[in-house]
Amino acid sequence: MHISTDPWVWVAAILTLAIFTFLYKDNPLFKFAEHLFVGVATGYGLVIIYFNAFKPNLYQPLFVEHNLLYIIPFFFGILYFSAAIPKFSYMMRWPIALLLGIGSGLSIPLSFQTYIVEHTKSTILRFPYPNTVLFINALILFIGVLTVLIYFYFSYPHKGAIGTISRIGIIFIMIGFGASFGYTVMARFSLLVGRIQFLLGQWLGIHTVM
Amino acid sequence: MLQRRIPLVIVFITGVLMSIQYFIPHPISQSAYNIALMWFRGVSSMAYAIAVISFVRHHSRRLKQPQNRFYSAVALLAFLFMCIVGFGFGIEEGTIFYKMYLNVQVPLQATTFSLLAFYMASAAYRAFRVKGFEATLLLITAFIVMFGVTTIGNYIPFIPRLTEWLMAVPNLASKRGILIGVGLGMISTSLKIILGIERNWLGG
Amino acid sequence: MIWIYLIITLLGNAPPRVIDVPNDGGNALMVEWQLPPDSLGKVDSMLILRKTLPEGKVDTVAKAFTNHPEFVDEGVNYKKAYRYSILYFIGPVQIQSKWSSPAEPVAGWIDTRKIPLFILMMLYTTILLVYIFTARKGRELYLRPIAGLEAVDEAVGRATEMGRPIVYIPGLSTISDVATIAALNILAHITKKAGEYETKIIVPVRNPVVYTIAREVIKEAYYTIGRPDLFDPGQVYFATDSQFGYAAHVSALMAREKSATNFFMGMFWAESLILAETGASTGAIQVAGTDAVTQLPFFVVTCDYTLIGEELYAASAYLSKEPLLTASIKGQDQMKLLIMVAMILLSLLSVFGVNITLGLF
Amino acid sequence: MRDFLIKLSKIERRYIYLALFLALTLPLIFPPNFPQKMSPTVKSVFEFIDTLPPGSHVLLSADYDASVLPEVDPMYRAVLKHCILRGVIPIGMTLYPQGAVLALDAFKEAEEYLGARRDTDYVFLGYQAGYQAVILGIGENIRSVFPKDYFGTPIDSIPAMRGVKNYKDIALVISFSGSSIPITWVIYAYSKYHQKVAAAVTAVSAADFYPYIQTGQFVGMLAGMKGAAEYEYTVGKIMKDNGIEKLPPAKAVKGMDANSIGHILIMLFIIIGNLGYFATKRRK
């Protein structure tokens, strides 16, 4: 065993343990770590957003390259501060409107392509199939997608035949959820194994761990 | 009236322009797209100012409460410290800012993320009970897949194949069905926003 | 050595063929050239040369391999013209083909490959508008009940009975995310309900813009029920924008405030289970709703009710009691029906060996 | 008995947390080295390489970067060592600029533990830009894509490359990746040149690749930490059988053992919870 002498490793190790204590119950050490986390992360966010988003997308083109086209977003950005002045606070909705307009406009054709066209395309049965197993799988997939879509059909009461079909849809949904859950366990355990390896290996220096 | 109309006009114009540009390959449309993206990033970066104001206000308010005083001071000081070292001494590798990120924020982040391992266990223990048809289905598939992703699963002949099949067929079907519905909902909401039918974002 | 001369004469005379790449912004040209039939293994490599007109500047644009006698040059501009030539390396010998005739890349005004998608988009818009106008005329439209919806009101009621607060998480995404919009609609409804019983509702937010809107929504909701005095500036705040920092904060909040009811509505990522499982451990009633497919399993397992995918949008429309919004759910349904019919028809046609794509599928 | 079960079904979550923590920690400190049985898709890759005549060539493309290192890197190392042990010549290359350094480290390990010699036992070509062009180029002439190897040696003066011209002289291509690059290999190398292709990928991306195995477009697949551990374990066993005493660290096996014990624990808890649930229900 060679316990680390690097003070930064100690900081990281103590903070790691502090977060783990929450599993026992809420306590002052965790509360400290949580507030430190929130403070550091917000500060980090501000600095990074300034250097990586504000500077290249607004400051550089407007104040260095003097591209007057960028007065518009700068003006919109300034309007956020109108929130502080009750009389003008309604103007804060303008930048939000700009973001929402651009975001919604971009998403419409893209969502059509990725969510609807692609998924429909790969669900439609395409004969011939190289073997029966593949055909049966494609057929089950096809039935699954249709029944799940029926489950999300709101215009008709889910009774009788439609009720039965939507019930099959729920079965597919539940099997899917169960499979996803079971499949994700491994990834999450690996994260914890990583933290334990940090504590035992890098901090406490137990070399068999790494 | 004006207060509501202007933002609605803005969403309409930007929304229509942005959805049409997808179909126009001409460089004019492409550069409009690039400018819009830069505006988008620029305007949203300035929104962080509100975040900072709210953050400072929230924790300053809590400085008056004895049980929270110390902790909110920690949050405020940590925030200030990051700003000073970040703006004052740069953010490149080797700076204090970078070291704080690497040795304070990253371990806190990774450890919080790793709590999920524990929560997976307790959630499975608590919720995976054989009550009702659907819960049972969920339990059985999760159980099979958990078996299938471990080494022991390989000793039972059908488990690895069954796990693959569950992931590639029913799981995919359920995801696709949900996503087609989600896609339709997303598009219709976006359209409603652009057309000014959905206006709750204006604040009630 | 004779074959080298043969190749030289064959190659030397053939300029490459240059054609415009359609449906682009005039930034690509396709260069194709003929290889002599026996060239495999004899031509070592090739360089593609480009002459920009009118300047006449010559650049080497790419190296090519023998099996692939075509190349798309994406470094051109629609305002200029170009000529191309191929430089062959055969052992120690270098041979350059003739220059092609000048070609101009064309900048298109419409991408013809996307026309089917555009038609589909217009079709959907029309269907939605038809239903919205029907609703405007005041016609009632049937929509089936959603199980999780009654749960929302029950959950608010329970917090009132227990005299403990409600925690509402409007997702972790930005305002451009449709799930966030839905979450804010539901927040308006819940705030009104909770306000009537004077039950406290705490809303920590991760995104600054969402924070400002959430604050407005809550103020407005209290104003609508005639209780603007209930608004407390400390009840809605920006927590932090770090995903797991936010998760740590909300976990601690639920544990400390001992909230009776937690709502998780909107877009979530891996933190979903951290939030929902901590909430469950404090014994709170939890209602979740998200369109994030990867997180749904965790909410379904840990929450009392979960609005799955589209149900979240539907719930937001139901609760807003806005006939125009519920009408659009109807429109969504008709489009869904159309997609299902298309899937079945195209599959059936395929059984008979007819594979139609409509330029889409 | 019933009371005991009911009590068990109400275990406090803290004990579950503690049990899980121990289940993941102890195997790391005291590696149990469980025997690993290969899953069918891993087995097909293993057997393919294992039955190749010595002197055959296998192309190992390290199409990954550091972000998927824990899962994919052990696979690369294990397959590489397997080739060396079998006398099959691995040709290392990458379509990712960051992949070269990562893969090179694996070759160094093979040198250290197996005494593999560069240019006679293995070849390392390094990185070449352009996915599609590279994959297609190798189909015609590998020299046109890689005139020299990573170290600057002309391919023609590398003894191990003698007689290797294109896919006809390469028995198998394995793409190690966390993205959809293996599909690119299928489209250009398998569909166009009928080259046999296998994939070694992360657990997350594996879910998308199962259909390709069913259609036979992939010979086999190593998926996630589990696939890595199975291969690593088997190769470790061959090394021991060959009398090699000093073995490189078995990272995937170690992580997988801890993971397996964790999974068993969860499953046990689920069973206990349900037994208790039934006991409670019957009492009522």
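Lettered A, B, C and D in written order, each chain numbered from 1.
Note that in this section contacts are C-beta pairs under 8 Å (C-beta built on N, C-alpha and C of every residue); 3 or more make two chains touch, one makes a residue touch a chain.
Computed from a predicted model, the values in this text were never measured in an experiment.
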Smallest count of steps, each to a touching chain, taking chain A to chain B: 1
Contact-richer chain pair [A-D vs A-C]: A-C
Chain occupying the middle, per Cα centroid: A
Per Cα centroids, the chain farthest from chain A: D
Chain centre separation (chain A, chain D; CA means) in Å: 28
Centroid distance [mean C-alpha coordinates] between chain C and chain B, Å: 13
Where chain C and chain D are represented by their mean Cα positions, the distance between them in whole Å: 32
Interface hub residues of chain B, defined as touching at least two other chains: 19, 22-23, 44, 47-51, 55, 105, 108-109, 112-113, 115-118, 120, 122, 124, 126, 128, 138-139, 143, 146, 149-150, 165, 167-168, 171, 175, 178-182, 184, 186-187, 189-191, 193, 201-203
Multi-partner residues of chain A (each touching 2 or more other chains): 19, 22-23, 31, 33-34, 37-38, 41-42, 44-45, 80, 83, 96, 99-100, 102-104, 107-109, 112, 116, 120, 123, 137, 142, 145-146, 149, 152, 173, 176-178, 180-181, 183-186, 189, 192, 194
Per-residue multi-chain contacts in chain C, two or more chains: 114, 117, 121, 124, 174-175, 178, 209, 212-213, 240-242, 244-245, 248, 281, 296-298, 300-301, 308-310, 314, 332, 336, 339
Residue ranges of chain A touching chain B (in the complex, touch as defined): 8-9, 11-13, 15-16, 19-20, 22-23, 31-51, 53-54, 57-58, 61, 69-70, 72-74, 76-78, 80-81, 83-84, 90, 93-112, 114-116, 119-120, 122-123, 137, 140-149, 151-152, 169-186, 188-189, 191-192, 194-195, 198
Touching residues on chain C, where the partner in the complex is chain A: 114, 117, 120-121, 124, 141-144, 146, 174-176, 178, 209, 212-213, 239-242, 244-245, 248-249, 251-252, 255-256, 294, 296-298, 300-301, 308-311, 314, 329-330, 332-334, 336-337, 339-340, 342-344, 346-347, 350-351, 353, 355, 360-361
Contacting residues of chain A [partner chain C, same complex]: 19, 22, 25-26, 30-31, 33-34, 37-38, 41-42, 44-45, 80, 83, 92, 96, 99-100, 102-104, 107-109, 112-113, 116-117, 120-121, 123-127, 142, 145-146, 149-150, 152-158, 173, 176-178, 180-181, 184
Chain D contact footprint on chain B (complex, rising order): 117-118, 120-122, 124-126, 128-131, 139, 143, 146-147, 149-155, 160-161, 164-165, 167-168, 171
Interface residues, chain A side, partner chain D - complex: 23-24, 130, 133-134, 137, 183, 185-187, 189-190, 192-194, 196-197, 200, 206, 208-210
